[in-house]
Each structure stands twice: as structure tokens, then as C-alpha cells.
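Both complexes shown next keep subunit A, but they swap its partner, so subunit B is in the first and subunit C is in the second.
Right after this comes the complex of A and B.
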């Protein structure tokens, strides 16, 4: 639960506290703090994972978080940690530097990620060997501060994190806004690219907590993007239709509300929250007001109670 | 501050042109404001104001001092602003000196009036204890805790709330027979004087982006600004100060338009701030 930067009146505070209290009773977690003892069966050969330590034959926690057990592995999952990359993660990052043959990206990790020129598709889509001319033209592909989505390739022998962008769906992101949320709110799933057809909006949930909400771009349109770059400034006012922009702002505010309340971000929950604001006749900017926060928390309580009832009914 | 890509910049500018900013606000809408009073018990008055993700703390401390020779019948007020390194990495070390000084000068211009002392937001005559000998010195300190644009408006609002929270001890003076000696002052521990803050202004900053101007710009929108005009307006609609930032010039007719818009917008902002202040003082 994060410190809400809101002024709640007395009624709203009572409702919010009741909702959060009910959320905790529905799904109590085995939370530990530093030096807490983690109960384990001594007969098993327990594998002590991240966040645990052996102390006089007992397993104690070295981090504050939630205990997780996978077969014989016991580890502590922290809630406020930085993003930890895994191979295959889809991430969104921002270019901070162009070095010879590579771009450096900020991805909310302890070090910068590296995207090699040879690890991404050229804008014209032709598969060929990169030449010295391509190295000189790297700034025309991605310049500083560009937002890029890519895939984690792995750690190299020198310890640096390498990315790749070998598909048409990766690459530069334009016509939208980037939101930064804690990385633990985004769960790893099979699908992180979402084209919301009813809104004409692309939603990319990066595993590192960078979330892109932008206008839908047809795959392959990047080839025409270079030609249209000159006309970009002139058409800035009509670049995005107002209706699409409303959807983008509403979805972005839904992400902001859910992340401020500490709820896990899934595309279904984001759409549901955005639709709830429409049906409640809440203005887009009032989604960040106190009343909608309380409504969102109460709706989450109802949703999880329904889920629990279905599980009980199934048994 | 992290930079923005060209696509994001175009999205922000297009949103302002279409009157729908990235968080859904219109051009003349403020973010949600939250007020706390009495956050620092050691100070005579203190307030914490959150404007969206911007957070500032203002304190008022009162000391007995000697009046200035130029104005023996008026007290003295000083304003200082500090940007905490936790607000942004660029404020580390001496990085915030220039920015703090800029904020400080703008606030002084809006609150302390001219060199003659006329136009000050605070009635400086009420700070005098003994003419020419003893007066109250007010030290107003602003601290920027979190920075997400529109610091000047947040600081001015925090100072206004802090002044309304300020209690100055009552002073009993016993004049000695010899007029040359320093008079003995007895500071009361129980009786306090409150300020009349009806004339303390708020600052409304209008940031020009493209062909339009917006109020309460976030840091991303501020990065797209060509210029910004900060207008200090009090409850009675009087202009107490005007400051312009940014490198681009402005047409005089645009400035007049901005001033009238600032007057209009400040009415709602002052009423919201007053209601939040009353709620905070009731909750204290």
C-alpha cells in the first residue's frame, strides 16, 4: 500500500480503509521482515534462495517481502525492488546514449541495457549485413530520449545486459505517452503487446514497469515513418484524433490509479477500470480524484470476492 | 529530469492544442491540491502542500529584532527557498542554487512589495512592537520535497497556508525611564496573534506551449514551453506581481490576455485553497 497523495474526506477514508482491510483478509500473504524466521521442514533438503540466509540451522529472511516456495526452493519476493531482467522479457526503455555500434537504454535496472546495431531490424526491413554507413546513420534510427520496446536477450560475458529487436512489433514507439510504475505490478505473461481495437490504442506492458499507451500503429508502417517525419511538425495538432486521445488519456489514468493503489496491472483490469470511469460519468481528469480511487478499491474487493466464490463453488 | 522522445513531445503539444492534456485535464485546470498545516511543531507556522506529484513545505519563524533604519515603523520579512536533492537528482550539491534563487526572487517580488514597502502582502506595521527599537522579523522558508512542475504556484500556496497557520506570541513592553536604553520585552507563552491573510496572493503560472497557454504545467509540459508568465493575484483581484520566464518573447496583447485569464482562474484556486486550509486546520 502506497502513500496516497490525496486529500480524502472522512467518509472516503473509512470506505478506503474498509476496502483495503477486506483485500488483506481475502488473500493473506506470508509476509516477513529482515531477521524473521521462515518455518521449513527440517527433514527436507531446502534450497535457500534469494532473500534468505542460514543462521544456526534456521532459515531467516534478509529482505522484507513475501515468502515464496517452489518445490524445494524457498525465497523472498520483495515488493519495492528494482526490475530484474530475465531472458525473453518484453521491456520498454528510453535511449540515453548512442555509442559505437550500439544504443544504451534506461530500463529501470541497476545498469543500462545495450541494444546492438546487429540485434535489430533495419528500418527498410531488408536483411543484410550492417555497414559503416549504417553505423553513421544510427541517430536516424533511434536518437536520444526515444522510447523503444525490445526483448531481453541475456547477459553477456562482460556482465552487460543485451536486448534485441528483431521483429516488426519491436522498435520505436511514437504517438503516445510513457508511464512508469513499480516493476512488481506487472506480471510476466505470454502477451505483453495489446491492440485494443475498440479504442484504436496500443498498450504495451513492459516487464520493467514502463508502460506505453499510444495510438495504434500498423505493423510495417515504420517504413513510411521516415518519409512522414518532415510533415510531423506541421500536423502536430491533427496528428491524433481527439476521440483516440481521450481513450489514451483514460487508459493512462486507469494505469495511474491502479498503480497508486498497488494493484497488479493486467490488460483486463485496466480496461475494466477505464470502462468503469466511463459508466460512472467521471471526467478523465477526475479519475485521479479521491472518489474514483475509493470506487476502484471497492470494485477490486468485489472482484476478488467473486473469484473466491467461484473457486469455492467449483470444489 | 528525464528527456522526452519526439513522439511524446508531439503528443503533449497536440494534447494542449486539442484541449486534452496527457492526464485528461483541460488547459485551465489544476491538479488535485492537498494541504496539511502544523507539520513542523518548532515553527510558528508551517504547511505542506501537494499539487499532483509536486510537494513543498513552507515554514514561518518569528524572531524579535531591530527595525530597519529606512522603515522604523515596519517589521521585516525574509523569504528563502531550498530545493532538496531528493526532489530531483539535478538538485544535488550546488545544482539547485540558481533555481532556488530564481524561485526566491519571484516570491519576494510577489509577496514583499516594492522598496518603499507599499504593496506588501503582509501588513508590516502589525509586526512593530516599539517604533524604532523592537519589531518582529519573519523568516519564511520554502523547501521543495518533490518536483513535478509548477513549483512557484505550489510554494506561494504553501506560504499563504503557512501564514494563516502562524501564531505570533503577544509581547508586553515595559518602557524604562531612560529612553535611550533598550526596553524590556516580555514574550507571552499563551497569547498569540494571528495574521490577516486575506491580502496574501496566490501565484498562477501560465505556460505557453505552441499557440496556447496552460495553467499548472507538469514537468513534461514545462519542458515544451516557450515562455511562462507568473501572475500574483490576491482575493480582491488585485495584481501584486508579475514574472516572466523562458527565452521566447511575448506580444503585449498576449500578456494582457494572460493576466485576465490568471485573474479568472485564481478565483477558483483561492476558494479551493481556502476550503482545503479550513479542512486541514480542523483536522489538526
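Right after this comes the complex of A and C.
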């Protein structure tokens, strides 16, 4: 957790510090720091994975984190790692350049990702070979600074990272907010696309820490939308109902609060935080105020305590 | 419908359904170059045409061919003349062999080029060696062959050029004779393919893989055998196999017709030959199966849904295609059922139900009364017994049953269950004298069937189970001591007739279950009361006295049976609609969770990421072996030798035993495989644990170990009995496995193991094993 840029009064500071101290008492076991020796009980055949090194026959940590073991494999799972792409990751990125037959995307990684023209669904939805006309029309599909969601395909032999967007759920993201949070706050889950029906909002938790909160898009109507786009005026095309816009802002602020406090972002926690602000009659702009931060921290303490109690009861 | 049209049409439907777009196919439904099919009897000296260009089977010609078969003893004598040796070492062939005469005749008649199919690699080479004295090429062709051959062989090192396969093959090739099977060096196989395409090889001995894929037509195709071993048993060729291989015959645009010759060395039924020669192609059935690698790669993509993939597979498509036919059947049966119009159907159905109840209750009562506990004291000789007999009608539709009378002679306990008795029957049988019709079947066995007393038949003492006794009379009569004479039996039955006549008015008195037999069962009393109630209901029922009641009941019965059949088909449709492989999918996911490859939320874990990279070997066993650290401790050569067990598929009888250190590693592999197999068994995967463990064979561990140590290829061939091509293919696949393990090591960050694997690749990827293909 970074230092909060908040104007806390005395009472709020005491409450916040108490809550954070409570959270830290549930510390993870077997945490190591750089150059710590990892005890392996003189076992043979130890496989040394990520974050470990061999030093005079001893296993030494090269990263700060938690020691994990799988059979004979020992590795260090960092708590605040930079994003490292893996096949199948859902990511959100921003277009920074259009090159021949490809777009380059910024995805919060040490290098830019590449989305090939042949790796995405054409707007008309028909599966066919790409032509020179398609290349000329690339800017009408995505242009610089567009926000796109895609899937990691893998590293190519030349070391470049390739994406793919072969389903209609991928593609350009419009009428919403893009939030940037540390990537380690987003855990790999089975589902990263979420349609929050009660808010009519799409929430995409990108594995790279880019989070999109936007108006819901009905998948499958893209073909019709292409036709309608020509008929709609510019004003009508960009219209989003006020109620939906409020929901987007409230959810986005919930993400901001949670990430500032350093809490893991799950769709359940985001919704719970947004609902808490509604039930507390807090205005959307006041969600970023000091009082709501303290309330959120205190609620998280209670939630984890309940979780712990359930586990103890189950055991 | 021609088979090519059917196959293409089936694929068209599948592609259209999955992609939601129309798909058009282009096809021809005839064979441009017609085929003639001949038979060559073993030991004979001529061909017999059995199927002409118009696809007519000529049975007389076929029989003539078989009659020309030389007796077996002479055949065995001829076989001894053939000499077989490993590889292509020069032996002393016999000019009298069938294959020599066959090829000679083919060349004389200008039926060349010819492909002779065998069903094993060694037989291929054996047959080719019998051509040692035949020369089919002129000097120009010989020079061409030599040029092409050495141009290709220059890719090899000097040591490899000295391999027996290489040096022995050239003299054969120069005479226009070739060999093609998967045991050849890949580069040698490719040279032979090129020479055949150029027409420089006139006579090619090949295994059946030559019939698939390659565009290598010939004028004539010869089957050196009609039977093959398919891994399970020795069997006749299937018509599909015959079609595939005979398809090589007849070059479009060159030959007027193609010629197929079947070499026969034993008597065949004409129907068997017809089935082979004129049968249809094999069905194109889906061979889709789930693998863990595929499953894991689906799971780790959010869009990837294993169930969705299964639903779009060709296998599911074929299961779905059966549905319209089943629906049509249901419709037809329902139409037939509805067309059966019966007057007063509701009333009739209630009467039918009453009838069923009545029969069931009657049977219950009889079972109670006739249990051995009550009935045995009354089975005295001479007691009149009422017995059931069956008629051609399957069932009756009346409260009256088929019964007749007989005389009890004796009873005995059944000691063992004989074949014609069901286990549910009583433990006692009763000998009853009554009238039977006696018939004898072909084997001379007598079949006796009970018939009414007044019908024409013989008086016979027949053994009956207690369940067939319908009732016992209170009357006993005197019977003669000796019943062997027919006359005595006839007289006794005549007396039975007199007794029946005497009591015709009121019926023969029966033993009362409660008063006479002392039956104390409460369920008997309950059932008896119900029977009385039902009998009164029958009298009052509307349709009891209506005309044609039996006929109507028969129709109703048929209608009920149709309903039952409809239900069965609908059940089949429901199970067909259900997702194929659904249970297997669930079971395999369970295996993956138990081993820690995926979480309970179906997120791929560290182990799962490793298994995602492995597709050239058994991914579970290899991943478990890797995570157990076995690969870490072994040297590079040992590791490579151990991994060879994952890629070697053939069976070797006299493989050398691995050295002690390799044997130890192999034991660890077997233990890991056994653990993986047992876990799959626990999770309901159908797997044979022992055959799974035995599928990892140590046959080439020594060879691969030496190759990794730096031995020459010819040195390795001296220490092992495998075919050169098989070993090369195994090592190439081994390199694939190593490359996949490198990616797997990278994904877990184990840099030392990764470096070791890279070293292993560089040690085995050298010389003849990885010589470049001529086609590149």
C-alpha cells in the first residue's frame, strides 16, 4: 500500500491505522526477502523455479515473496510483481501505433504487444482472408489511443508478444472509463469479463492491471450496429443515459478506492464497495474522500474476520 | 450412392452446420480408369479373371483358379526354398517362387510398373530378395538411377554411406526393383519414391502405408497375401483396405485399365472373395478422443469451453445425424398406433387391465399353494393333476387358461440346475403321465409338448416344474405298477378320461388349500379375496359379453406393444442428444484436479502449464516425472534414454536389457505411470493399468544412450535389431519432446534443467538422423 494522499483528521487517521494494523496480523507464512535461504531439508532432486537460485548448494531467494512448493518444485511467488503475460490472459490495452498489417498496443508490459490484422474478427464478422483493402482500412477499425481488449496468444520466436481478438466479445471499448491499477491486484480467474446487469455495465478486469468500466455492449448485434452507425447522428451515437453514467462512475471510484488501499480486486468486492457507498448515501465524488476510505478499510477487516471464522468453523 | 459422393456429402453437412455457411463440394462419381481383378493361385502358373471392367464377379473363373491350387504339402516344400536374412543381405533366392513367376509374367505382358503389397516390413524385403536374378532396366536407366541415388546419398556422412541398407539397396534399384516401408532410412525412402515417380522402378514391394496419401500410381497392383494380422487377430482383408490399395492401379491418362491381382494360397469361399473384391469402402467414422493436453489448453483460455468444443466435433455431428431417422421411426410407429381404431377402447382397456391383475393374482396364489412346504405331502402316485400347456398363441385374452389333466407318478428333488431349467424354478420336479405330441429334430433329440387329452398324441410320463402344476385334485386313482408298456399308459389315461366324464357336471373336485393342505399364509387369504372380487367384476363388466372380445383384446395388446417400442426409441434419442464424451470430460477434469493441474475453479496451475506444453508424449506421466525431480538428477545421456520410452511404440521381442543405471530410471518411470493410471481408474476413466504401464517400453534405451554419447549410427545398428527408419523416427520425435520440455522448464523458471535439455537436443540432433528431406 502506498501512502495515501488524503486529508485525514485525527479520528480518521487513528481508525485507518487500526484497521490496517488488523489486516497485517494475518501475514502470509514463509515469506522471504532477497538473499534469504529457503530451507529444503536437504532433499534431493529439488527443482528451482522462479525467484530462486543455487548458491553453494543452498537454495537462495532472488525475489521478495512467498515460498511455494509443487512436488519437488520450489519457487517464490512475489506479492507485488510486475505484469508477466501468459497464454490465455485477458488484457486491456491502448493502441499506440498502426504498422503494416498490425496494431501496437500498450499493455503495461516491458514491451508493446502486437495485434495482427489476421488475428482479429473483421467488423462484418465474416471469416475470410485479409486483403490489401483491409490493410488500408485498418485505421477505421482501431486508431491511435483506442482502448481494446484482447487475449494473449503467446510469445513468437522473435520475442514479440502477440495478441488475438477472435471473438466478438473482444475489440474496441467505448463509452466508459479505463483505470490503471497495479497488475498484482488482479488475480487470474476463470472469468474476467463481467456483465453487471443491475447497472447495465460491462466490467473487464484485465490481467495486466488495465480495468475497463463501460456501458454494456450487446454481443452479436455488431453487424446491425455497423449499418446503424451510418444513420445515427453524431450526437445520438454518443448518447449514454445519465443513470448508466452514474453507475459507471460509482463503480470506477470503487475500483480506485480498493486499489489505493491495496486490496485484491474481485468483481464481488467491487460491487460490494459500490453498494456500500449507495447505502451510506455517499455521493459519487465523495467516494474518494477520507471518510469512505476509512469505512472501506474497516469493512474489509470485518469481511476477512468473518471469512476466518467460517474457515475455523469448517475445520 | 457412390462412396466418394457419400463421404464428401457427409463432410459438407458437418462443415455447413459448424460454420453456418454453405459449403459446396466438387466430386466425380465414377472411376476414370476401370479395374480388372485377377486371382493367382499359389503354385499355379496363370491368372484367372474374377471381376471384369464392368464390375461383374465371375464365379466360374474364380472356382477354376481355386481348383488350380497346388496341394499344401508341395506348397510347404516350395517355401523352404526361400531364404530370409536380416536387411538386404544377399541370399540364394529360388527362381521357382510364386513371386518370381508373378513378376516375370507381369513384365512379359507389359503390365509394369507394378506395386506388390505385403503386410509386414520383413516380408517386403524377403520378397524383394527373391528378385535377385531379374533385371528390368536397360543401361541408360541404370546410369540414371546411379546418378540420382548418389546425389541424394551425398547428404550423408561417409560412415552413414556404409550402412548395409544404403550399400545393399543400390544394386537392387539399378535392376528396377524397389522396397518401400517405414523401416527404411527416410532419405532412402524418399529416393525410392522419386525413382518410382520417374518410372525407373518397375517393381516395388511396399507395405500398405504406400496406399495412403502418396501420389504413386502404377499399372498393376498385387496383393501377396489375402490375410493380415491387425494387432488383434489374423483376418481377411476388409473391402475398405482392398479398395484403398487397389486404387493405386491404373494411371489416369496413361493406362486403358488397371489390373489387380490377388495371390491366394488357401481355399476361399466365393462369398468371402466377393466381400473383399466388391464390397464398399469403410465408413468414415469419427475417431475423436479427448486428451488432457487439449483439455488444459481449452481451460486456460477464457473463451475456450471444452463442452462447446465437444459439441462442435465431428463425433457429435455423427451422433446428432442419427436423430432425424429416429424421429421418423417414432412418427411412423405413432401413425400405425393411432390407425388402430377399437370400439369402446376405454372400457376395453379397463377390462384388459383387470385381466392382467387377475392373471398376476392367480400366479401369486399358485406360487404360495404349490411351494414345496405345502404341496409335497399330496404328490402321491395316482393323484390327478391339472397342468398348463402352451399353444402357438403367445398369450390368451380370457380368464380361461390352457389346462389339461394328468396323473402324478412321482416327484424328485433337483440336485443341479440343468440347462433347460431357470434358476427361479422350484427345486422339485413332478413326473406326470399325460398326453403329448412327440417330435424329433435333426440331431435325433425328442421334443415333447403337452396337448389336450382328446387330441392325437402319445401317453408320456413327462417331468414338470412345480410352477407348471395348475392344481391338484382330491381324487386319487389306482395305477399299474409297470408303466413301461404303452398299453398300460394308454389304459391309465382312458381311466382319467372316465373320471373327467363322471364329474363333468360339477367339475373335478380340487384339494382345498386351507382345509386339506393346511395353508396358513395371510397373503394367500388376501389374494384369494381379491380374486373373488375380480371375478365378480368380470361378470358385471360392460364388455365381458360383447362379441369378438378376444379379437379386440389382441388388437389392444398389439397397440400396447407399439407404445412400448415408441418409448424405447425416444429414450435412445434422449441419450443421443446428450453430449457425447460428457462423462469422460467430467472424469478427466476430476483427474486434473486431483493431480493439481487445475483448481476447483478450473484455473490452470503451475503443473497444468507444464502439461499444456507437452503433446508428443503422455502429458500426465511426463509432467509427474518432471516434477518428481527424476530428470534433474540424471545425466544428459540417461535423461535422453529415459525419455525414449515415451516415444517408442513398436514391440521388440529380443530387445537388449538396459544397463543397471538406466534400468533404475525405467523403474521410476513405471512407478510414476502406475500411479497416474491408478488415479485415472479411481476417477472412472476406463484404463487398463498394466497395459498402460507396459506401453512405456525400454527397447531402445541402450541405442539412444549410445547415440547421445556420440556413437556412429552404424555402431548403434550393430547393437540393436530395430529397423533404421523406426529408430530415426523415434529419435526425431524424441527431439520434439525435448523441445516441449524446454518450453515447460522455461514456464516454471528452472534454468538448470532447461540448459540440460538444450544440451540434450544438441547431442542427438546430428548426422543421418536429422538429414534434410529431399522434398524441401
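As a convention for this text, the second predicted complex is superposed on the first by the 291 of 315 C-alpha atoms of A that agree within 3 Å, B and C clash if a C-alpha of one lies under 4 Å from a C-alpha of the other, contacts with A are read in each partner's own complex, and residues count from 1 in each chain.
Everything below uses one rule, namely that a residue touches a chain if its C-beta (ideal position, glycine included) is under 8 Å from a C-beta of that chain, and two chains touch if they have at least 3 such contacts.
None of the values given here were measured: they were computed from a predicted structure.
Enquirer: Looking at the superposed three-chain arrangement on subunit A, would you call subunit B and subunit C a clash or a fit?
Expert: fit
Enquirer: Looking at A:284 after the superposition, I want to know if it touches subunit B, subunit C, both of them or none. Which is it: first, second, both, neither?
Expert: It touches subunit B, and subunit C stays clear.
Enquirer: Between the C-alpha centres of subunit B and subunit C, what angle is found at the C-alpha centre of subunit A, to the nearest 10 degrees?
Expert: Computed angle, apex subunit A: 170 degrees.
Enquirer: Contacts for A:253 in the overlay, against subunit B (first) and subunit C (second): which applies, first, second, both or neither?
Expert: First partner only, subunit B.
Enquirer: So, does A:136 touch the first partner subunit B, the second partner subunit C, both, or neither?
Expert: neither
Enquirer: Of the two partner chains, subunit B (first) and subunit C (second), which one does A:71 touch, if any: first, second, both, or neither?
Expert: After superposition on chain A, A:71 lies in contact with subunit C alone.
Enquirer: A:146 contacts which: subunit B (first), subunit C (second), both, neither?
Expert: It touches subunit B, and subunit C stays clear.
Enquirer: For A:189 in the superposed arrangement: first (subunit B), second (subunit C), both or neither?
Expert: second
Enquirer: Per the contact definition in the header, classify A:47: touching subunit B only (first), subunit C only (second), both, or neither.
Expert: A:47 sits against subunit C, while subunit B stays out of touch.
Enquirer: Which one hits more subunit A residues, subunit B or subunit C?
Expert: Counted on subunit A, the partner with more touching residues turns out to be B.
Enquirer: After the superposition, what is the least C-alpha distance between subunit B and subunit C in whole angstrom?
Expert: Subunit B and subunit C, overlaid via chain A, are at closest 25 Å apart by C-alpha.
Enquirer: In their complex, what parts of subunit B are in touch with subunit A?
Expert: 2-8, 10-15, 17-18, 20-26, 29, 31-35, 50, 52-53, 55, 210, 276, 279
Enquirer: In their shared complex, at which residues does subunit A touch subunit C?
Expert: Residues 44-52, 54, 70-73, 75, 86-88, 90, 127, 151, 166-167, 169, 188-193.
Enquirer: For subunit C, which residues count as touching subunit A in their complex?
Expert: 19, 300-304, 596, 601-607, 609, 612, 624, 626-630, 632-633, 748-753
Enquirer: So in the complex, the part of subunit A that touches subunit B is made up of which residues?
Expert: 5-7, 9, 94, 106, 143-147, 172-178, 214, 232-233, 236-240, 242, 245-246, 249-250, 252-253, 256, 283-290
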